[in-house]
Amino acid sequence: MGRYTLRRLLQLVPVLLGTTFLIYWMVWSLPGDPFAGKCGDRPCPDSYINAAREKFNLNDPLLVQYAKFMGGMVQGNFGETLSGRDAIDVIAQAIPITIKLAIVALVLEALIGLGAGVLTGLRRTGFLDNLVLLSTLLLIAIPIFVSGFLAQFLFGVKWGIVNPTVSFEAPWSELLLPGFILATASIAYVARLTRTSIAENSRADYVRTATAKGLTRSRVVGVHLLRNSLIPVVTFLGADLGALMGGAIVTEGIFNIPGVGGTLFRAIRAHESSTVVPLVTFLVLVYLLMTLFVDLFYAVLDPRIRYE
Amino acid sequence: MSEPSLLDTGIVGGAPEAAAAADAAGTADKPRGLWSDAWYDLRRRPLFWISLALVVLVVLIAAFPQLFTSIDPNAADLKRSNEGPSSTAWFGYDLQGRDVYARTIYGARASVVVGVFAVAFATLFGGVVGILAGYFGGWVDSLFSRIGDVFYGLPFVLGAIILLFTFVGSAVNPSKTKIIFLVILAIVVLTWPGYARIIRSTVLSAKHADYVLAARALGARPSRIIFRHLLPNCVAPLIVLATINVGAYIGAEATLSFLGVGLRPPVISWGVMISDMQSYIRVAAHAVLFPAIFLSVTVLSFVMLGDAVRQALDPKLR
Amino acid sequence: MAEVLTSGRSAGPDAPAGDHLLAVDDLRVEFRTRDGVAKVINGVTYHVDAGETLAVLGESGSGKSVTAQAIMGIIDSPPGFVTGGEIRFHGQDLLKLPADRRREIRGDGIAMVFQDALSALNPVFTVGFQIGEQFRKRRGMSRANAQKKAVELLDMVKIPHAKARVKDYPHQFSGGMRQRVMIAMSLALDPEVLIADEPTTALDVTVQAQIMDLLAELRRERNMGLILITHDLGVVADVADRIAVMYAGRIVEQANVFDLYRNPCHPYTRALLESIPRVDLKGQDLNTIKGLPPNLLRIPSGCPFHPRCPRREDPICSTEVPPLRPLTGTRASACHFAEELMVRA
């Protein structure tokens, strides 16, 4: 197990470096004027450009720039926003809310997705199965901002059941609807993944053995079948937490949630790259770390992996 | 009371040989291959026909918008700003007095072009990389796989934001083609590893097959081996992925436009339309609703089509 | 009535005739597929008593495994359906039992060992868990005691360092060891009948011999009835007392092992024996049986073997189904010319 962990960590490092380098390169080194659009809609004043060149080490060769950039990041220095605040502070304030939202989405997708997937996986034909298959397709296909708008319009404005936008403290109850919207595509994936996994495993030899041993149906399904079938699903759920945090941009934007995504949303619209870059970098790092944890967790779930 | 029997739920496997022998025999003792089996299954799915019809319709609209409307999508009549649907303008007018129906029809082209071309290029690029990595193995494989991992590890929306954000700023008044090209490029750059992986794993598993070894022993050139023996195996999963991804990319383009980093005026696309009018949803819901419906239905039909094909090709789900 | 099934060991040779420990009687099973109905089992009758080994021999598609699954009650239904016959255990027809009674017999009265131990064992649970499960769930033992019993069983099947290995996962064992684990698991509840479905097909020849010896020894010690399903003639000779040869869902010949090998009374059995490569006939062409096993959706009329039979005689062979007729003693053969073949030896 220790060797497996080490290997995954080693595999993570080049990906981490590669991704952050890619981000850095895309922002600062693509052809064109790196300062175009960095100061909102107006061209940047010369004083700003000179100061920024010095600050962002743009006069150094690319790799040195990148090294200094990474060095700064490791120390928690993600740069400054246009208004002079430390990016890390902005992140620190916004991140708890985004985490809350992501957790709401994760719980919803686990409950609804697993439930639908288990029910239809065991019985692969019939009305319920077709219903689930169709509705998951719908959930995957409709872009989040469409469903977000629709939900906001119907539940918030027209029927007035909930607040159209989320207040600053973002209590759990107000996060239910946005959380559901954020989770729609994932609910669909989890349901389908569970269904497929259970369907495939139902035909497995070990299920036949368990039945031949004379175990009750509930034990064969509930213990033997599920324990195997849920491995890919649980892994997906774990990885999804990181993805949800990164993908909450649209949802937080629509519902005006003051999380990382919402801040990012506004910064994009205002062309503030000094805010955009640190936030995006941060979200990418979170996502990569989450995938690492998930891989390690996978080894806990599936003993065959541990000894690779 | 007696418990419902496991026999009813179809959980426990029976005699695979017997059923397989019966199935494999086919009608009139003709063996059935993967494709004819799949077609047999596909023909009988109503969802397949529905989604196919919709896809064909959307492609027609994108290719020949003139067939569906004679109104100029850019003609603005400010007096009609935000007017609702009527008998002359089925979908009403937007903020600048432009006919929403015409714009929706013309908007199909940009969305479909982005979807189709992004899939085409990503498949091509990802495919080449995947083949090279799978066939040659060794350091070539390691290198390409690492690079693929880097792009794969970048969440799509975030990566697209970074890529396109910089271009939003740097280009002052880009042409329509340039904008569309950039969005396609961004999508391809961020999603090619998906295709590469599929092709690579098919190539890897087929590489050691006896028929490939035989071909090599007979002196076949690598290109021949690749095209005749290895590629056909990966066609099935690729078709499924490509079809579904056309829908996904159309949705992605709309999301990016909504965020402000994707297509933008003067390009007309459904995402642009929704993005433009989102703040006016309460007074001119029709201007957002109709493109949203068209968008959702289009994405849905591609995804449904891809899903139907996948179910037909996957024997395990029967 | 129910208690009779799980207590007491009866139906040995002194039992009333016809009251065998386990008797399959004119069993019929069909599989309803998209392309038609496949008649997989067409009137199979055999039995096994305590302390004896019955080998069921046949090619792929002969129906030998499906019969075993029908006995255990684990046929996938749909598409499989039992359409006739009886399966009597201690005289009672299993097919007429309610589902929970049938379940209780599994593992306890009749147990089964499968071919590929790697896929037949659950990969995410330790072998100790899977063996101990029988004791915990069916006998109400505590976790600790169940674990102890599991170690005992692993010892019994001669797995070294049983105490340590009980905590290992199936993929950590070699093929032969895994098969021993499966055998241990099947014997946990002391079944009266053990069905071994191609237990050695996936193993090396040397390991095969070891497993066969183990099965024979265990059967002796526990006085079980053993049904050994296989397609391998070599494996059978050492271990079996009686052999039933199956073809196209029917028994075509039944005899004790000596009689069968010395003097087969069915053209199919004869052809099978002749197709075994023999060291003393080196240099000659191998004998084969022409043709292929029949498509079960369209079984030939009359005797199902007639298209491939060297002894075939029209019109009787292609129009009349030969019944499984007793010859002498306990021998039986399903051939119109069985007596003639018998004398020929």
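Things worth noting here:
Going in written order, the chains are labelled A, B and C, and every chain counts its residues from 1.
The rule we apply is simple: a residue touches a chain if its C-beta (ideal position, glycine included) is under 8 Å from a C-beta of that chain, and two chains touch if they have at least 3 such contacts.
Everything numeric here is computed off the predicted structure, so don't read it as measured data.
Of all chains, the one whose mean C-alpha position sits at the greatest distance from that of chain A is C. Note on interfaces A-C and A-B: more C-beta pairs are in contact across A-B. Chain C has its Cα centroid 53 Å from the Cα centroid of chain A.
With each centre defined as the average position of its C-alpha atoms, the distance from chain A to chain B rounds to 21 Å.
Residue positions of chain B touching 2 or more other chains: 3-6, 10, 12-13. Touching two or more other chains at once are residues 74, 103 of chain C. Within chain A, contacts with two or more other chains are made by residues 204-205, 208, 211, 216. Note for the complex: chain A touches chain B at residues 11, 14-15, 18-19, 22-23, 26-27, 30-34, 36-38, 122-124, 134, 137-138, 140-146, 149-150, 153, 157, 196, 199-200, 202-205, 207-208, 211, 216-217, 220-221, 225, 243, 246-247, 249-250, 253, 264-265, 268-269, 271, 273, 276-277, 280, 283-284, 287-288, 291. Chain A contributes residues 204-206, 208-216, 219, 224, 227-228, 231, 301-304, 307 to its touches with chain C in the complex.
Remark: chain B residues 3-6, 9-13, 47, 146-147, 149-151, 153-155, 157-158, 161-163, 165-172, 247, 251, 254-255, 258-261, 274, 278, 281-282, 285, 288, 292, 295-296, 299-300, 303-304, 307, 316-317 touch chain A in the complex.
Every residue of chain C that touches chain A in the complex is listed here, in rising order: 72, 74, 103-108, 111-112, 114, 116, 119-125, 133-134, 137-138, 169, 171-172, 182, 185-186, 189.
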